[in-house]
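Shared between the two complexes below is subunit A, which pairs with subunit B and subunit C, respectively.
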Partner chain A sequence: MRLRLLALLSLTALIAVACDPGDPIDPEDPTAEVEETPPVDEEPDDPAEPTAGGTLVAAIGGDPDQLDPHTTTSSFAFTVLENIYDTLVQPASDLTMEPALAESWEVSDDLLTWTFNLRQDVSFHDGTEFTAEDVVASFERIAEEGENAFRLDAIEEYVIVDDHTVQFELNRVAPNLLEQIGPFAGLAIAPAAAIEAGTLADEPVGTGAFQFVSFTPGDSVEIERNPDYWGGEVPLDGIRFQVIPDEGVKLTSLETGEVDWIDSVPPEQVDGLAGRDDVVLGQVAGNDYWYMALNNDREPFDDERVRRAIAFALDIDVITEAAKFDAATPNETAIPETSFWYHDYAPFGHDPAQAETLLEEAGVSDLTIDLMVSGEFPETVTAAQIIESQLGAVGITVEIRDEDFSTWLADQGEGEFDAFALGWLGNIDPDDFYYAQHHSEGAFNFHGFSDAELDTLLDDARVETDEDTRKELYDAAAERIVDQASYIYFYNPDIVTAWAPDVQGYEVAPHGQRRFNNVSLDR
Partner chain B sequence: MSDDRPDQPPSDEPAEEPRQPSAEQPELERPEGEHRPQWRQTLAILLSNRAAAVGLVVLIVMVLTAVFADQLIRFPINEDNIANRFAPPSADHWFGTDDLGRDVYSRVVMGARVSLQVAAISVTISLVAGTLLGLIAGYRGGWLDTVTMRAVDVAFAFPAVLLAIALVAVFGPSLRNTMIAIGIVFTPIFARVVRGSVLSVREDLYIRAIRSLGASDGRIILRHVLPNVAAPVIVQTSLSLAFAILLEAALSFVGAGVQRPTPAWGLMLADAQRFIAQGWWLSVFPGMAIFVTVMAFNLMGDGLRDALDPRQRTLIEARGAGGGEDE
Partner chain C sequence: MAGYVAKRVAQSLLALLGVSVVVFALIHLVPGDPVRTALGTRFDQELYEVLRARAGLDQPLVVQYFDWLFRALQGDLGVSFRTGQPVTEALMQRLPATALLAVSAVLVGLVIALPAGIISAVRQGKVSDYVANAFSQIGVSIPDFWYGILLILLFAQTLRWLPPFGYTSLLEDPVDGLQRLIMPALTTGVVTGAILTRFVRSSVLEAMNSEHVRFARAKGLPQRHVFRHHVLRNAWNPIVTITGLQLGTLLGGIVVVEVVFAWPGIGRLALTAVERRDYPVLQGAVLLIAAAFLIINLVVDLLYAKLDPRIRSS
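Here is the complex of A and B:
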């Protein structure tokens, strides 16, 4: 089970590194009060008793590699850091971006200058005031050495107008700028002084609802209430994030009351937990997707007919059920049904006869596919075995290669594969879903897909400001990607966590954030 | 499973009293009288040990299972059927079905082939390589001995499982590379066992005698030394087969061995781990298979050790080979 979590971790890392926008597994600021009406969200929690206080014990599946939000790629680190740091803007539960440290913003007529008005009542945990200088220092650091530098590539320059106003000068129109600068704590605002001093990795200092207390590698991270939190009073006294790598042990710890909250629930356990009194299950449709890619730089996968044949031969309903039980939704495209950008398009279905016809047309027989997966993401290993069996039915041999994820990544980078299966986590904007993966110049187009028309669509959509027009462009792009089987999409998994019944006010966010600023303990 | 290396059998003892190397050297030391061939004698002693006899029978069954696996399975081993996942043992699916709806019985049966194949081939590799190294080092002595044995010591410094994982990581995981890795890991054990025996045999009177008759080193090693160090090697082989199966299971368990969907026992256990709540049969049957097979090899190894040990043998023979139960 440790693998699963690790997997998530690595994936997040990948994603973060990747050019996908994402707030993968890392939660961000679910606090919604950001808008000028900070207290708004507070109420919604449970009117229960914020008086209780107390320390919540949260189980996380692995050790944070470090606690520097700009350079870590660990989902476990982000689970902690989302509660310590804030971003300029943050995703709301409907995946639109809402104010956080920036309370409002204006865009110039030429769409190339964004002016952010910062909150004035915010201070860092060390007592220093939050100002425009911190924003610029943070973004410059992210652009320079952060894992999410790619998100900022539309930004040419940061201009400090006054202490609480900052301007972003863009080098191109970027309708998705907000999704890029605020999806998760990878884009956190840290104090300029700490950045200067280089102490962030050991001593996180943010503006969030909780402040850092201690980190015992391999054991736990402790954080405590920030009494001056700008988002309103924080009910909990503090949180101890306990590292429990084994999924089974983690779940048992929740059942026995040793921990109050766990960061994930294995899909096979979801059914068993539903409807129980002693455990509350939180399950929402997520924005992640899992898929398989074929190496377009190798024969015969450069032939669209072969790729399509494979897509026809696969039954993604079975793959989804095998890998995720009931905790995912099969989808032939990347963007989930719950998103505004969803495009209802499913041309393949399960049609082995069509697959055989296409293979014949392409003159391919005796095809053997080297399919690369990683046990750190067990669902890819499960999916691979179903793929092996389904492709076997149309005469294609699949050799599964289960690799350590670091080796996997290296092989992916070098194009050492016929096919691989993996997932992308934490996407919000459609550009996140498509550009880096499918544009011929995309940074994560490891499978060598190239389609001039798609490139045009993606380039145009990226700078299109009219939302409906933009959606049309992305719908067309999605169809081209699916039709040519650049990726063969499988499913969008649900985000599933669980907690004890006396934990009040926790909300499972579709973007994957785990924030506790509205949580209280009813005991 | 784990890191323990198979213990070495008490390598020195058996070799000390040269048994008649039987038919192999008639000119020199003609065995007097009509001895039963030595292997039959050994077998008789072995079978008189009930535990060893059980081990032998189980192994024969396992080998037959592996050989006739194609006839014994009841469903295609990789045929999934999600609608029928986690079906408990029944008349249709004797051992139930797994998380993908595959028949566990058929996969366990086919797994016998994988396990025994890995065990046989990897132990053969280490047997040949280790014996060769041990013979040369022990017989030649000097710097050759020093270099070889220090290398063996270095290899021993690594826990077996870790060394195997490291080797597989270098070669890339696959059935073939798993066998090679296990073979390499076990080679030093054989080298040490053989070398120890050779050291004691080398100075024995009959060796000196034949050397003085002008026999070549090659002839001495092959015809006189080798047969006299065979006993500990045979015991070590039996024990190593057990450890090879365990090691293969361990490697597969951690994903560094045989690749899915090949039904290796260790791999089945690894997959079953997640699903203990959904079906005990996923883990129990492959686990039993490993347990029974490893135990059988161990029982037989113990029995062989006794049967080939001259002192034990004398004791048993003294009591009458038929009824001696000396375990």
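Here is the complex of A and C:
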């Protein structure tokens, strides 16, 4: 009896351990939460494309929590949903926005009324016709459900002009409206009737290249070709998204032919895979960025000199190499080189002597930093270890606090940190990169940064319609952010996926969206 | 006997109630909450309040508990905060895979442990004893996922005999199902076998050294007879107990092995629920695990009573 009592006790202890905030994180779902993988470029209409057929098996690293595009935050869910749903507009491979369900649009002279002309040849997977009513119902639901409501805050009102024309009335000029309403399937257009009926979570119904077949939680999602796809013939018969949480097993499964495509490649494996003939590696520079923020509400991090000293003391080349091997580009600003909005600005370099001088000027010695990271994003833990040693070299002690992400978020919300490291994913427009994070009123300015001049720049840039002037404003903003070390930027990671040689036509999109409507199997 | 059964069932139910209170308190004590986690880095206070109220999290904890208990007694464990799926449905979806793996692993474990433990006890101090001891020492010391990865490298990558991941119901496709079961069952079974071997050995040894066995030997009864009727009969009880415990533990999910082999079991469900602070799912999963434990305990106790009449009377 004693044994069994012991076992019950240990069961309870196990739960306690599992719930312990200091517990290392699970290997599943490494990107859930921060994702918001935006949509892909895809020019589906190629009538000459052969219909090869076949079912592609795609491995994804974790369970989609659910399949409702307006409420999920799981990147794994979006890998599936990008193939079921469409948006009004969508990002092309150069990150400009191109027509999708809206075939054209006009903007009024006062820039406050946008009129979208919808495609007339589109129907949902359940056979109902796609109309303006669906657009309005979808956007109203997105605003209500919250996950992406912030993207729509410039929109005051939706006006249905006729079945295939809808007007957005804005409360302020928003030059980046297209980037906000079409970056990924979180802004998907769903049928008004299904929204009304509340069935979207169980039964996804979109206009995309594939339609939903089944979802077995913990195991797989199956989708099949939409024979009436408005974007042209879809070569594949269907796709089975198989959940494989372990990175190594995922890669082995690709090598053994059990799966045809994998959603990510561990950075340390990228080199080894390049040049192999049994695996095709797809790697493009991505639009995400990883960074560290210091808590401006706490001394001495309210002192710009201390923040700058830390920036000088860090060698981001080493951090990048350690965290991502060759699969990322170090960058002292947020926006990657591949973007139109990139600004070539790197004032820090690696200068420990300068760091020590600044610390001395600020009168700071024996500084200890509580650095919050999460094992759910292993690259933040690796980066933290390098940061610890590099700051140690200038006499700063770093205490790494590795928390599970739920606890991490709670502490971030409460301001319980000296510093944290994380990434922002899926941004396209510079307003996404800067406003919410660095504006003193910004919704995600958790580190308490405040600079009146930057606020003005960001407010002006937000409503500036001339693209070159807008870029100048954002360049100036980027310089202020970097100079004052509001964020200390590390790198832009590459998007790396891999597939079997007989998979044809897959393109890796820089904003991380995964679409298979042009893919065929050559077997 | 009926009185004994009734008493044990009542005890089990009481224990279950206790577990539910402890778990409820524990998971709400942990920092981080489901709504904040769901909102991720895009946090908004107003929206947070709305979503919290929608999930009933703005109620006092005691109210939340009794509300949950009341519905649980009617078989309704609530719906997942994350997926909106009813918790009972989510658990039932995962239970077959977990049960299959747990039972297979215990079978593999017994196939290893019974001969290894008995031989090593009978030949105490001989080479075969050392071999069995070494196996069991190595088996319990090395983490199971490592065996799993080795097996995958050998059978999936190098030999290409077995698929490296996944679960297929044996009812749907027995051949594919078995192929996918072999590696996870071996991985888990080797560890289980290593643990069981030590218990089998020590129980057999203890029985061999007991007075009545020595007496039986002194009486000149044949070795074989003594072993079968006096040693094994007495060694059985602790072996049954520990096997039951192992099965209970495995039914709770074999998280790491489930992750390695992409096995859609309870362990991964519970793990995700912990991370996402998905209280209803976590609560349900733990309750299921506890219930499985208690049921197995009950069965073990009843077996015990059957195997050993002394227990019934005490």
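The rule is short, and it goes like this: the second predicted complex is superposed on the first by the 473 of 523 C-alpha atoms of A that agree within 3 Å, B and C clash if a C-alpha of one lies under 4 Å from a C-alpha of the other, contacts with A are read in each partner's own complex, and residues count from 1 in each chain.
We adopt the following convention: a contact is a pair of C-beta atoms (placed from the backbone, for glycine too) under 8 Å apart; a residue touches a chain by one contact, two chains touch by 3 or more.
Remember, it's a predicted structure, so these values are computed and weren't measured experimentally.
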Which superposed partner A:A384 touches (first subunit B, second subunit C, both, neither): first
First, second, both or neither for A:F150, with subunit B first and subunit C second: second
Contacts of A:D263 with subunit B and subunit C, given as first, second, both or neither: neither
Contacts of A:D404 with subunit B and subunit C, given as first, second, both or neither: both
Most subunit A residues touched (candidates subunit B, subunit C): C
First, second, both or neither for A:D475, with subunit B first and subunit C second: neither
Subunit B versus subunit C as contact partner of A:D86, first or second or both or neither: neither
Subunit B versus subunit C as contact partner of A:V318, first or second or both or neither: first
Which of subunit B and subunit C A:E222 touches, first, second, both or neither: neither
Where subunit A meets both subunit C and subunit B, residue numbers: 248, 404, 407
Residues of subunit A that touch subunit C when the two form their complex: 3-4, 7-8, 11-12, 14-16, 18-21, 25-29, 33-34, 63, 65-66, 68, 73, 146-147, 149-150, 201, 216-219, 242-246, 248-249, 252-253, 255-256, 258, 376, 404-413, 422, 424, 443-444, 446
Touch list for subunit C against partner subunit A, complex: 15, 19, 22-23, 26-27, 29-34, 36-44, 47, 50-51, 82-85, 90, 93-94, 97, 149, 152-153, 156-157, 160, 163-167, 241-242, 245, 248-249, 252, 259-262, 264-265, 268-272, 274-277, 286, 289-290, 293, 297, 300
Sites on subunit B touched by subunit A in the complex: 78-80, 82, 85, 99-100, 169, 172-173, 255, 259-261, 273-278
Residue ranges of subunit A in contact with subunit B within the complex: 1, 247-248, 266, 268-269, 272, 318, 321-322, 375, 378, 381-382, 384-386, 388-389, 392, 399-404, 407
